[in-house]
Each structure stands twice: as C-alpha cells, then as structure tokens.
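We just call them A, B, C and D in the order they show up, numbering each chain from 1.
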Amino acid sequence: MEPLLDTPATRPDLYISVIGAGRCTAAQYALAEQVGRLVAGLGAVLVCGGLSGVMAAAARGAKEAGGRTLGILPGHDRSEANTYIDVVVTTGMGHARNLAVVSSGDAVIAVGGEYGTLSEIGLAAKIGRPLVLLDGWRLQRDAGTEGIWYADTAEEAVALARRALRLSGA
Amino acid sequence: MEPLLDTPATRPDLYISVIGAGRCTAAQYALAEQVGRLVAGLGAVLVCGGLSGVMAAAARGAKEAGGRTLGILPGHDRSEANTYIDVVVTTGMGHARNLAVVSSGDAVIAVGGEYGTLSEIGLAAKIGRPLVLLDGWRLQRDAGTEGIWYADTAEEAVALARRALRLSGA
Amino acid sequence: MEPLLDTPATRPDLYISVIGAGRCTAAQYALAEQVGRLVAGLGAVLVCGGLSGVMAAAARGAKEAGGRTLGILPGHDRSEANTYIDVVVTTGMGHARNLAVVSSGDAVIAVGGEYGTLSEIGLAAKIGRPLVLLDGWRLQRDAGTEGIWYADTAEEAVALARRALRLSGA
Amino acid sequence: MEPLLDTPATRPDLYISVIGAGRCTAAQYALAEQVGRLVAGLGAVLVCGGLSGVMAAAARGAKEAGGRTLGILPGHDRSEANTYIDVVVTTGMGHARNLAVVSSGDAVIAVGGEYGTLSEIGLAAKIGRPLVLLDGWRLQRDAGTEGIWYADTAEEAVALARRALRLSGA
C-alpha cells in the first residue's frame, strides 16, 4: 500500500483503536487478528495499547493486510511494544495511558477484555468515541445507545464502526 | 525514502523528540526547521508536541527532508495537530502529555522554549533521556553533566544527540 | 470527631473512594449521601472526584456525620469542588484523574454511575482495589469474583467494603 | 490549631506547594523545614510530592508548627508517603503526577531541587502559579518576570509568596 509517512499527502485521516487484554483466548486472538485485517482494509491506522494478547493480535492482523499500527505503552521502554507495532509512543503514566489509547481513535472496537479494557470502554464512551463491543463486555444499555454497539463477528464490528463514522461505502 | 509503516522491517528504531514553544521567533523557527531536516537525515522519527511554533517548524523540516513525524497533543481533537504531523496521538491530559513527548524520544533536542519546554527539559533529564539545549534554556550545570549538552547550531545539536546515542558514524 | 490534621497521630489509615456521576437521580443522591455517612462512621476519609451529583452527595453525607473528605478534580480550578470537600486536589489531567480517585481509596464504592464511573470501576479492579457496586453497573462476573461485590443498600455496600478490607468488627 | 476537616467552616482556602528533590543536603533539609513552618503559620495547607528529602522536610516543618499537609505520590502505595503527610493521594501516574503537585497550590516554593523539581517549576510557570525559587534553580529571567521570584531565605520565600497572592498583611 501507499507509504504512510513520506509526504503530507499520505497523512492518515482515519484511526481506529482496538482494545483488549494482554492475555486472551485463542479464539479472541483470532478475532482480534481479523479485526486488525479489516481495519487495515479501511486504510485506517490501527491504534492499540502496544502490548501482548489482543493488542498484538490486532496489530499483527493489520500488518498482515499491509496496514499501519500505532502502539501507546504504559511505561518508558519502547522495547515492551509487540513486534507488530510500527510507531511506538511511551507515556510513563501507567494505566492513565488508557485515555490516550481510546482518544487517538475515531472509533473504538473492544475484543473480549478484562478490567483495563473496561476502563477504556468507559473512557471511550465518556469522550464520545463510537464504540463496538465484540465477544466480551456487555453493558446494561441497548445497542446504539450513546454510540455503543454489540457485534458477533469481526466483520460486523468493523461494519458498525464504519457506519458510526459515516464512512463512504458504509 | 523507505515507507515507515508498510512492513515490520521498516519499523523505526530511532526517535528524536524536538521540544519548543508554540510561539517562537523567526530565527527559532528556522533553527527548528533545520533540526527537523537533520533529524530526518538520520532516519529518525521526529517526535513533538504536535502544535505550532517550534513544533510545527521541526515537523516541517523533517517532512521537507523526506522524514517521518509523530505529534502528541494535549487535547482530544486530532485537527489541532499542525499539517506536518504524520501520526497524531491525542491524550486529553493537558500538560501531563509532556511526559509522553520526551519519553517517546531516544534523545531530546530543545529549541528556545518557554515554560512548557522547561517542564519537558526537567522530565527528559529525570527519566534519563540525553538532552541537547539549543538557543534557549541554560541550566546551572556543566555541559555533559547528567547527559545534558548545549549547542550553538542545529548541526551541533544533532551531532551531540548522535554522539550521546552512540550512533554509527557519530 | 478528632481533628484529622493536627498531629501525625491523627493521620488517617483508612480511605474509601465513592464514585458516581455528576448528574444523578434523587434516589441515587440519597443513597450516596447515606454511603458517605457510613464511610465517615468508619473513621475513613471519603475520597471522590470532587464535583456534583453523587460526588457531592457522598461528601455531604460524610460531613453530616462529622467525617473528612478529599476531592480530586479534573481541572486546575479549586473552586470547581463541591462545598462538602475539605481537601481539594487539582490535577489538570481531565479524565486521567480517574486513576487517582480510585487509587487513593483502600476500597471503592460505586453508586449508580455513567461512563466516567465505568472507567473508574475498570481501573479500580485493574489495580486490585476491592469494589462494591450499588444501584448501577453490573458486570458479567459473579459477586466476589476478583474482589467485586454487588450491594442493594448503602449499609450493605459499606459492610461489604469493611469485610473486603478485613476491618475489625466487620 | 483549628481542625481542618471537622466542618465545612474549616475548609482551607490557601494551599502552598513546596517542591524539591527526594535527596537533599542538610542545609536544604533545614531550609525546607523552615519553609514548612512558615507555610503552616499562614494557615495554609502544605502540598508536596509526599516522598523524602525536601518533601519530608517541608511536611515535617509544617507539622511542627501545627500545620496541615497533603502529599501527592507517583505510585499506588500510600505507605510510600513520608510520616509527616496527613492526607495522601496516590496517582499511579509516575512523574505525570508533578502537574497535580503544582496545580494544587495557590503558589509554589522550590527548595534546591533536581530535574523532577525543574519539571515542576516549568509546569507551575506554565499554568500561572506564582513561583519562588530558593537555593536552587535560577532561570534566565529577571525576578518577578512572569510571576517568578528568587529568595535567599525561607522567610523571604514565604513573604514573596504571600505578596504574590496578595494575602492580607503581606
């Protein structure tokens, strides 16, 4: 695909954050990898927390599809990023970095997830990022309420994100 | 130049943060632009706070030289980034984002600067990032003390950063 | 009650964070006020986000019971704190301050709550603070799992927090 | 002295942050202790980073004078606070907590200091907190410029802070 950073012309105008736990099931890994491939297919930058599990799977999928990845780490050490991250940000702020992970995406897709992911779901909804939940947390809210949707497949998750962002072709 | 984000093979292994004020003199703008060109010449990702003044000048210089830029913003709105930023991170943490700006660089070069820059200088030194000060703040420390150097030109600043990082050819 | 801050002898050894939305129902306000009274009855410092709604109700209840309150604000302006806050911290970090709100409590009690509260629930569980959910979010986890309990009354919520902290008499 | 937290009537309306390094000379320790005593004498809450060195000395001085102290820690563990801190906030944000330390004071007094202190000086000036520098960093600015003053004694430092805040009797 076209290089991201050679000229301002290639400046990306779409970022999608994929959030999930550093440890996940094989099924969640496969799901996150597929989400990553589809996000790359949109030409979006895949944003994640940069570590293992769902974060690595989504970034791996994006790279497999020729996509671009951005990882935002809790610590100061870039080497903690998984090998599928192109651009690494180290924050040194611990879990406070979760706010930057969701803020940097135009939409957020959660795959499975534990409590760190739950905090990111809350922050994403609080700051008004469209949010799709896949195979994990379900809130006591109807689908679509306050910009939160539920998906059963990676394809549905990315389609819902596209629609929420009113992307052409969505 | 080689695209940054097409394949893991192009993952950058060098980041240099350039810090400075959102408002600066024409001389500082020219200086920061030259620093940006030279940083790009090293093949490094230029990291900055993503806003105007020195941040825009350094990013502009890096793009003129075919380089790659990363901007880390204080707010939640990506559109606040200057037009020379390739990859934008929004943190929503206000000035607390200064820690991520300096942490994300292997070395830090300050051009001029006001108080936000001074806070970044302190944070960079605190977390042990080699730091070069150019045309601005001078601390009551001898050059080289605790990894802080003073430069009079953009060329000298980047050369000092290269040497501090023990880059081949430096 | 004994003054908090006259001598090191009065240094509090128990803090409980009460989290909830800046806007709430009258029933939630009454519930949070009662939680605040009971937290004060334990001799604990009541920690909250310092703003209105549940945060003000809990602090008001604590003051009615002769308790002590600590408010941690998102902005830089102390005057944004509700009038029931004794000690005000301004962070200037926006929603990133949520981490400090839950970290500063030995246990966390959530009353009702919207998405900011959900982010605090996730962060509290992530860092291992015992967590009691009252009249609001219910997670897909059994009661007691990973230190999360559900309560139906203010009395039950505070009793569960006491037990989780193994306080004498609990 | 009057208890801080018994009733809203005792809500403090003056906070002064004292910043400095976790390791300091005996002379700086004595200076910070005297600053703490004088801050307590103003009826102000002494705010600091909660750790050792200058932070402990200032808090100790404030307690010796019957004052009140607030410590804002970088980690999640309250026990890291020095024994002179009355109210402890744990942030879990590492050096990003420096912003909350200076933001929470109406004025800021720096005693000696290393690079963490320099970052706090920059942040305090950036957000417009009156700032007095004592026995440490000196900036290339004239005294009084942008609300920054230099003092040679603890008495002068506190007097300058009082004047900057236009306190009665100052």
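By our rule, contacts are C-beta pairs under 8 Å (C-beta built on N, C-alpha and C of every residue); 3 or more make two chains touch, one makes a residue touch a chain.
A quick note: this is a predicted structure, and the numbers were derived from the prediction, not measured.
*Asks:* Would you mind telling me which chain pair, B-C or B-D, is linked by more contacting C-beta pairs?
*Replies:* B-D
*Asks:* Let me spell it out: compute each chain's centre from its C-alpha atoms, then which one is farthest from chain B's centre?
*Replies:* Farthest from chain B by mean C-alpha position: C.
*Asks:* For chain B versus chain D, what separation do you get between their C-alpha means, in angstrom?
*Replies:* Using C-alpha averages as centres, the distance is 31 Å.
*Asks:* Using Cα averages as centroids, what's the distance between chain B and chain C in whole Å?
*Replies:* Each chain reduced to its C-alpha mean, chain B and chain C end up 41 Å apart.
*Asks:* If a residue has to touch 2 or more other chains to count, which residues of chain D qualify?
*Replies:* If we look for residues of chain D contacting two or more partner chains, we find 91-96, 99, 127.
*Asks:* Flag every residue of chain B that touches chain D in the complex, lowest number first.
*Replies:* The touching residues are 93-96, 98-99, 114-123, 125-127, 137-140, 146.
*Asks:* In their complex, what parts of chain C are in touch with chain B?
*Replies:* Contacts found on chain C: 91-96.
*Asks:* Would you tell me which residues of chain C are touching chain D in their complex?
*Replies:* Against chain D, the touching part of chain C is residues 1-8, 10-12, 15, 45, 63, 66-70, 72, 76, 78, 83-93, 96-97, 99-100, 103-104, 127.
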